[in-house]
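In the two assemblies presented below, chain A is common to both, partnered first by chain B and then by chain C.
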Partner chain A sequence: MANAESVVFRKSYHIEGGNFQSAGSVSKKIKQILKQLNIDGEIIWRAMIVAYEAEMNVVLYASEAEVILEISPKKICMIFKDKGPGIPDIPLAMTEGYSTATREMRERGFGAGLGLPNIKKTADNFDIQSTVGSGTQLIIDINIF
Partner chain B sequence: MKIINPYEHSITIDEELCVGCVICTLACPAKAIRVKDEKAKLIKSGLCIDCGECLRVCPQNAVKAMTSRESEMQGFTVLAALPSPVLYSQFGEMYSPNDILLALKKIGFDYVYDVAVSVEEVFIALNEYLNRKKNVRPLISNFCPAVARLIIKNYPDLIEHIVQIEVPRELSARAIRKKIAEEQNLEFDDIGVFHITPCAAKMISITNPVGSERSNLDGAIAIRDIYLSLINALKEDGDDEILQRSSGVGISWAKGSASKLGLPNRRTLSINGIKDVVKVLDDVESGKLRDIDYIECSICPGGCVGGPLVIQNKHIAARRVETLIEQYGSKSRLNTEQILKRFEMDFLLTKNLWEAQAPDPLDTDLSRALEMMNKIEEILEILPGKQCGACGAPTCHSLAEDIVKGEAKLNDCVFIRNKELENALKRNN
Partner chain C sequence: MRLKEIIDALNLEILNQGDHLDDVVQGGYSGDLLSDVIASTRKNDLWITIQTHENIIAVASLKDLSGIILAKNSVPLNETLKNAKNESVTLLRSPMTSFELVAALSNLGISGKR
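For the complex of A and B:
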């Protein structure tokens, strides 16, 4: 048998910005996979918090994004690579309560300024890179062991 | 209480009647059915949540709900009937709930109990329960046996959201059994207590209850099996004993929205139908809906009046329920203080015996499960994605899973087999 540690499951998804009808569907698909893999409920719960927050960020702010899910026996890694306005001041965006959400978004119950800080708090590893006018990339790890 | 259940689930498929058409296979929300050797089978019984969808859609009437037979009612000294409030909605406006309860006595039940009263008790206790359990929101109803199974299998993290108050039918059963034992000086086992139900999952909830050790009921009788004799009994004259004590609050339970009247000062949701139930449980699982106090979930569309074992069209039945609410008032006439006292003494609570059941993981070893997941993706690339069910599995994804688990072959897919045959023909020419 191949080295067990080296087994990786990889799958990519597409998120459409501004589409509230399908919003949340990528996180849901990821959840189903994690459940089928019999991954611990607490880990799934954390993975879902970050996946949903990151997905909603794309829906709210970007025009589209590619999501790459990679699961190994050690960790769940999710990469969200969006095409969008980018974030000019990342430390400010990472401040709890800070939000550029419009009134319309807030009326829908989003934009409390908890998204990015919450992802960072929940993840075991978090990396954010952004180019203004081009897009943002999040790399999020949740450890399994 | 004498029943030992030989079955794990509430449905059986009659192989004589089944033509292997895959309608149930495609309709099953749990993807538990496969057609093998031209017959539908509940192959993945671990996935089944006893929702009764298969029963509802089968054009051959080959899917049967397990309910009590007449023979099972023999051997008891005294018989009691506990009709679901849905029964009150199944007849014309000329018959009141009291007439229907009297009719149950005419057809041979020695005692009847108005379960709608227990519904009202539960909602009075529930209001207090919500005060006590302030830290968990939203709380989720426990009375639909299919929702209970859905949660323990697919949403184990939500078990702590489940209300731990005894369900109305069980409270009624306990009350009537005690009353009869005292009045007639009988042992509990001499008394047969039967639920009259619209629900395909009720029998299994009696034989294999989720969240409690054992049921207080002896069996469940389908409304549609008892309907004809009730209609005949309703036409006869009889005595005018008052058996109905419920108000519109208890009766409103029949259409899956008792929380509107039962918890008037709370933020509640009434969710009916498996698709919406799944959506709302997904939301709760992802931490949403924390501003809601209580969610009442029924797996059947329209609530219990939409159960598979009813006679009346669910919309007409719901209309009848509305009329009954108007007639019997939207306030319970029960003594709240007395009920709260029983609640304080924990008489109305169930023990927390809810256990998660992982439905069907690929493998318990994560490396192996990941390898299998990769194989599933590889197979999905080859499969046509038509979701036709002709292979006997409900979706291409299900077939891919079955193949990886060694339960099916790639050429069970008719499109793949067709290609294989074409290729073979070409080689021969």
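For the complex of A and C:
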């Protein structure tokens, strides 16, 4: 997280688990903010990869989440804190191709097991913590410079 | 090549016109796994898929794609059409398979190079 003084923008959002209809809407709101702040297109592009993957994981696997977007002159920080089943084995979940997606989810094109690995690859800084039976928290930084 | 010229050349059906007919399309991507597509597409890419769920619209919109072509005359859900309208995403359709569409686009000079 950035120092309180250097944060130029801070906003929080809510994601509802299981709601496919509105899935992607928080990512879209974040994109609008980044565009308004005139952030470089390539950086927005990377921010959208991580935001969408993190948002979809909440929609697919958790009950709800709070998202905090913090923008400082140096970076975009996104925190996804969900209430949900948690992840029992994080290294396994971070493995490309590993997925517990149901058949229904796979029919929709989810469940490649690439979301978390994509976030890690795309972010400049990535931290994941999870408590089984309670929830999962992702902290994702994208550097602006 | 502009998207509208590609639509004419391949005789694509316009399911939702959206905002992108004048986009200059240089590249494309073909895929049905959303995590793969979100990570691999570039701005103004044309995306070929057989996925018909509303989530394809969010992917196209977030990644600023010029459009989606539904291959094999896949039938989009009502929600998909609704979201395409709301988000001005250009949604197209063709009886061709993904493979045939890629070949046809390649003939027009649209490259898949990453």
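General observations
Simple rule for what comes next: the second predicted complex is superposed on the first by the 139 of 145 C-alpha atoms of A that agree within 3 Å, B and C clash if a C-alpha of one lies under 4 Å from a C-alpha of the other, contacts with A are read in each partner's own complex, and residues count from 1 in each chain.
Heads up, the rule we're going with is that contacts are C-beta pairs under 8 Å (C-beta built on N, C-alpha and C of every residue); 3 or more make two chains touch, one makes a residue touch a chain.
What you see is a predicted model, and the numbers here were worked out from it, not measured in a lab.
Shared-chain residue A:Leu37: touches chain B; no touch with chain C. Touch criterion met: A:Gln21 reaches chain C, while chain B stays clear of it.
Legend: residue contacts after superposition of the two complexes on their common chain; A:Gly86 is shown touching neither chain B nor chain C. By the touch criterion stated above, A:Val7 is placed in contact with chain B alone, chain C being left untouched.
Judged by the touch definition given at the top, the superposed model places A:Thr122 against chain C, while chain B stays out of reach.
Residue contacts after overlaying the shared chain place A:Ile144 against chain B, while chain C stays out of touching range.
In the superposition on chain A, A:Ile71 makes contact with chain B only, while chain C stays out of contact range. By the document's definition of touching, both partners, chain B and chain C, reach A:Met48.
Comparing the two complexes, residues 24, 27-28, 41, 45, 48-49, 52 of chain A contact chain B in one case and chain C in the other.
Listing the residues of chain A that touch chain B in their complex gives 4-5, 7-9, 11, 24, 27-28, 33, 35-39, 41, 45, 48-49, 52, 71-73, 144.
Within the complex, the chain A residues that touch chain C are 20-21, 23-25, 27-28, 31, 41, 45, 48-49, 51-53, 56, 108-115, 118, 121-122.
By the touch criterion given at the top, residues 32-39, 42-43, 49, 51, 53-56, 58-59, 61-64, 79 of chain C touch chain A in their complex. Those residues of chain B that touch chain A in the complex are listed here as 154, 156-157, 282, 285-287, 356, 358, 360-364, 366-367, 369-371, 373-374, 377.
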